[in-house]
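Multiple structures are listed underneath, in structure tokens.
You will see subunit A twice below: alongside subunit B first, and alongside subunit C after that.
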Partner chain A sequence: MRAPFRIIFEQRAETPKYLSALVPFLSVLSALIAGAIFLQATGYSASETYSNMLSDGFMSYRGITETLGLSTVLICTGIAAAFSFQMNLYNIGGEGQLYLGMIGGAWAGLALGPHLPSFVMIPLLLLIGALAGAVWIFVPAFVRSRLGTSEIVTTLLLTYVASSLVKHFINTPDSFFRAENSAFPQGRNVADSAALSPIGDTRLYPTFFVVVVLALFLYWVVKKTEFGYRIQVIADSPRAAHYAGVSANRTTMSVMLLSGALAGLGGATLIVGPFARLDQGITLLGYGYAGIVVAALARNNFAGIIVSGILFAGLRVGGEKLQISTDTPKHIGIMLQGAILLFALGGEAFRRYKVRAVRMKAVAQ
Partner chain B sequence: MSNTSHEVASGPYHSGGAAPSALSAHSVSKRFPGVLANDSVDFDIQPGEVHTLLGENGAGKSTLAAMLCGLYQPDNGYIARNGQRVVLGSPRAGLQHGIAMVHQHFRLVDRFTVAENVILGSRNLSFVLDRRSINERVSEVAESYGLPIDPNATVGDLSVGQRQRVEIVKALYQGAEILLLDEPTAVLVPSEVEKLFENVHAMTAAGKSIVFISHKLGEVVEISDRVTVLRGGKVTGHVSGRGATDTKELARLMVGRDINLGVQRASHPIGHEVLQIRDLSLDVNGVSVLSNINFNVHEGEMVGIAGVAGNGQKELADTIAGLITPTSGSVSIGGALATDRGPIHARELGLAYVPEDRLGMGLVPSMSILDNLLLTRDRHVVVDRSSVRPEATRLIDQFEIKANGPDHLARKLSGGNAQKVLLARELSGGRTATKLLVVCSPTRGLDVGAIETVRRLLDDARSAGQAILLISEDLDEIMSLSDRVLVLYRGAIAHETPGESANIATVGAAMAGLTTGDNA
Partner chain C sequence: MNSNIWILSLADSVAIATTLILAALGALFTERAGVLNLGIEGMLLTSAITSFLVADASGSIWFGLLLGIILGAVLAGIHAFLTVVLRANQIVSGLALVIFGTGLANFLGKPAEGKTVRTTIEAMSFGALTDIPILGPIVFGQDIITYAAILIAIVASWFLFRTRLGLEVRATGDDPATVDAQGLSVASIRIRYTLLGGALVGLGGSFHMLAQSAAWHLEATTNGIGWIALSLVVFAGWRPIRLIFGAILFGFTLQLPFTLQAEQITFIPSALMPMLPYLATLIALIALSRPGSRNILGAPKALGTPFVRDER
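What follows is the complex of A and B.
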């Protein structure tokens, strides 16, 4: 009661359009400011760090191609997350489905690669990776649509199983996936026909363009097709869906399977792209989890995910270069990612509420 | 006790010695994005007075009430309590000034007892609750205003009327001098309304002020000392004196034109049977919800189903619409069996269904009018919106829906306009031409102008030869529109009578389960 005024959150009747665009932008800006304070406080120059990250992540030829290359998998896991989130289904196991996509892709590349030409092998490998991701989410999808079991718990826990599966395939002595003549346990390279060459001397693979087109295609599917229409009806009001004879069970099943397939596809792009083999290092990279952040920043908008996917990839690339070129720890990039997510979620409050200060004087008892 | 002044409330400091108003608003304005919800509105209420805020939905009644109780702050103008200017920063601040609002949708905890709900939010409770003395005080407050209620009863077990009483007792217990009742009769049956009005009189006799918010003209005239009519956010009239005004005058102030809500019956002879219900029974979790129902509805006929909410009306409608599979018995539409074939099949047989719950069941709130029109229609793999757009525009025009066009979101429509969108979709036919129209509470919560439109639309559909099943808790509506009236009580048909000879006392008694009579 001592404060001269008090802050009131008033619900907005509608969110102005400009705000929907402004909030993600301001979230990123606020996160950068928060990061700057942290950097200065720990004895690093914020301006130097940021300009290094900017040039290493976005502004140099090497940096931007590296960023776009990394964004390929982040866009995949981003649309995988968003595809389920938009129907209020929370598949947070994209990480595990990504591993399965890698396992499936690597299997295809090893088993079928030697017998098939590249133009058949590459699409087939991507498809098998996507299928493997879908298989991994099948049980969570089934029990969610029939019994209402929380998909959050089931998809998350299966990630740990998937992680163990990757390690099993690499560390088991006679594993099909393991390279035979190596001192350290590591994956066997897929057949040449199953690996794409990067563009020029970069680490950018053509799969990037495939994924961008896929994101735009899904944007169209959601906005324009009967399937997208059903998703929107069920997401907003299950009772209206029941009333109109739209089957929530079937749509739940399809959406979750597709979500898993998209994450699996992300894993498969790593096989045809930079990895070319099953690599247990993937379990330390968190590309699947990053997809959740990418989707959240873009507010599940598939076109927006292309932008946020590239942004996050740039932060990671720029952050890693930092450690090499300066003594700044690379974790600053990861910290900024976390800060962006926090500010983006916090920014939602400003989209929904109008903040007003009300003078308190006259309200005295 | 009643103030008969026709004037707009004067300022608190120059009222020439007269006692200041208990609560007043002085040219308050409130703007929301796109609307000026209140435009320089003046309002005042004296102790012991019932002052009604009358207006259509969206006229600004609720906005004004929200500012009077501290839920919103005015953009311009100010609120005064006993002549002193106050800023009510929150509903709690309002309560500190003795102002409490009883919301249309109750804010009670079902699992708590009456007494627990009443003391909920009090700040001066001891760590260990002294239940006995709390119960005594709650009963004392309740009985002093003629609101007897058992403080130990669990709120979840109470009827709607009793819950409303708990809300009122809660406000009084918290020391409210001014009560704002937001559409309090909307959820009550006729006998409960009578009871509420007795309570209102008891409260005003004790010096409390009641701000009554309503759009039901009959009860406004009955209960009010003064009426302030709002239209489009502006005050269109101050009317004084109980019973001195006729409802036509109020309706004109409220809507801006004359209104007709008279009796309408089938003007053409009725045709073949369209809906046939045979021995229909439904058990839910072992409890009988519908038992052995038999009736038909013919072409060009409107059959009204009266009953207190929760006597199986919703389940009956959902069963006919193919959303629920009955335990036994059958539903046929146009001679074809519709039972257990799902909602799409029922629609292919010519069913149109306007459910009671508009936003959330009948309409998808986050979707546009255009997309909502597509909800019960055949959509292609790629939804073809451009070919439906001209029709959407035409329907918006024909049904006089206030919207910015086909892309207007359903959740941004007022209740009346949402209902018109729903009726527009269901009346215009989807998969096949409509033969049978099932409508539930089609005018609930609508304002007079919209009620008139909806009733006319239903009458037109009947004249066009559609069979109509009208399910409503609004007895007036059933009586003035139906060619035949059935009363549903505990899931069975308790009474049946032709519309023109229906007797409100007999039908009312059947609704209350007092008779099992089979003729009027």
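What follows is the complex of A and C.
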């Protein structure tokens, strides 16, 4: 049996500006509507859930500062994902690189912290965290550029290895990272010089502004520099790049290493910021995976990632509060993230193509 | 060395391997048709909790399995719609499915947190055969789904490599333009096998939940098996028969840490043991992508790329 009409996609020569802005907005809206229907169907009040999430995540002083605080790490993992995605390299192991950034940062804070003043220690800690993230992606980057081994699977497998590593460092007796006199296994706090204090009475740390500036800097790098241009050329047409003498291997390597470093930096911001120690709770939070969603919603636009990072942080903060104040499971926040991305992907088709339904007869002619 | 522990652990490996075979076969069918679905982990979780809730409410395991299968296919349907009809990026769509599925499973599973399955799928008994020492419990002491999974894999191999329909599927994954020129609909084939793949993954997730009397607990429920299934497909070179052996090997390594712990063999710190199967897979993947061995792999050539008919 054949459908009486066919759906036709016409590639748009140029996407109208208003569509580029409208599509993400409508995707979020549609996901929220779908979520509302789901909430009502499962016996929760949608209006109450949403208004609670909105006020706890965005509209109150506590809420918005907490959201901006959480967005710090999400923007970091978001730009990490986008940096590789834009070259069609799918580093989906940002999660593991983030753990390594935390391990590296915690090591620096514990080993070097007592000997260095704060203004040296903080930048050094962030740098070592980024370096640890880059080390973690080195093997996938190397085999991707030399042998063509799929980076999707290798980066992902290493995430599980990294997660075991974090648990090992915390649970092993006499571990360097473990606090000595505590009832249950937990990380040792880094030296005072390695921890920043939050702004006022909030949970927002100055690293937020560092990360925002970094995102804007990368935006500039990709749009304006020769390195950014090379990435675009390889992404658009690897063959053309080859003929133009652009080394795809080398660029693949550096893009992936930088992507890992950015995710590692995200882990290090957690050490100087809210955690101040290696904490195995990180393996349950999924900040690295969330970065992929953040990047995808912003369509790998580094300035857009700041916005989508804050949006998703707010959904999480609002969701967490929800479970405390009402009995609605906090996972509605995660579900909505997934739904928003699914709708955004669908909406993308309408941005790129003119979609029309045509009667079968008309096609036959 | 206690031989009982080893027999039990081998039998356990087969149980884990069953989930792996089903989930990986689902991914294999999907990928053979040219669609990459990274959402397996989210689909496994969603069908696991669905089968749990349905089996718990209805008291029927089979009803639970059925709903689990349907949910797997529904989630795969979302992926097929986005990537085949709307031509969205397959990688991002799959990841969105993981996040959505994880959130959904957790949301639905909140009331069931910590509860255990009322009834479980029972092991079959072949009488005297099952009582054969060592070999008996491993070969003849499994449940019906395990035997079914192996049978499905064998049928899948025959189907893909010996039938005309199977040839169409493989051609769709390798060279969709030719399939299109033959007057077949690439989109329709891709959607059908993505759905079939989803149903198999759904069966795998439901089996995983209902085969053991484990409590519903998100982190412990699938533990990354969906991702392992994806690497298993690569490991098996997109061939169902190789996939059976790969699954048993992977199942054994996944389960090995527990056995070694029970045997108090501690040449590796116990917290580091869970990383072994992942490292083993990683090494295997890299070894298999060496230039000399690349043709052993045989990935579908059009995997991950949307098909757009050249209309100019």
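Observations on the structure shown:
Here is the rule we use: the second predicted complex is superposed on the first by the 345 of 365 C-alpha atoms of A that agree within 3 Å, B and C clash if a C-alpha of one lies under 4 Å from a C-alpha of the other, contacts with A are read in each partner's own complex, and residues count from 1 in each chain.
Definition applied: contacts are C-beta pairs under 8 Å (C-beta built on N, C-alpha and C of every residue); 3 or more make two chains touch, one makes a residue touch a chain.
Just so it is clear, the structure is predicted and the values come from calculations on it, not from any experiment.
Of the two partner chains, subunit B is the only one touched by A:Pro16; subunit C is not.
In the superposition on chain A, A:Ala244 makes contact with subunit B only, not with subunit C. In the overlay built on the shared chain, the residue A:Leu158 is in contact with subunit C alone; subunit B does not reach it. Contacts of A:Leu345 after superposition on the shared chain: subunit C is touched, whereas subunit B is not. Set side by side, subunit B and subunit C differ in how many residues of subunit A they touch, and the one touching more is C. When the two complexes are overlaid on their common chain A, residue A:Asp236 makes contact with subunit B while staying clear of subunit C.
After overlaying the two complexes on the shared chain, residue contacts for A:Glu226 are found with subunit B alone; subunit C is out of touch. Once the two complexes are laid over each other on the shared chain, residue contacts for A:Arg6 go to subunit B alone; subunit C is not touched.
Within the complex formed with subunit B, the subunit A residues making contact are 6, 8, 10, 12-14, 16, 224-229, 232-233, 236-237, 239-240, 242-245, 356, 358-363, 365. Interface residues of subunit B, counted against subunit A in their complex, comprise 32-34, 72-73, 85-90, 93, 96, 321-323, 342-344, 347, 353, 355, 357, 360-367, 371, 374-376, 379-383, 412. Those residues of subunit A whose C-beta lies close enough to touch subunit C in the complex are 7, 9, 42, 85, 90, 92, 139, 143, 147-150, 152-154, 156-158, 160-161, 164-165, 167-168, 171-172, 284, 289-290, 292-293, 296, 329, 331-339, 341-342, 345-346, 348-349, 353. Taken in their complex, subunit C has these residues touching subunit A: 38, 42, 78, 81-82, 85-89, 91-93, 95-104, 106-108, 110, 219, 224, 227, 230-231, 234, 269, 271-275, 278-279, 281-282, 285-286, 289-291, 294.
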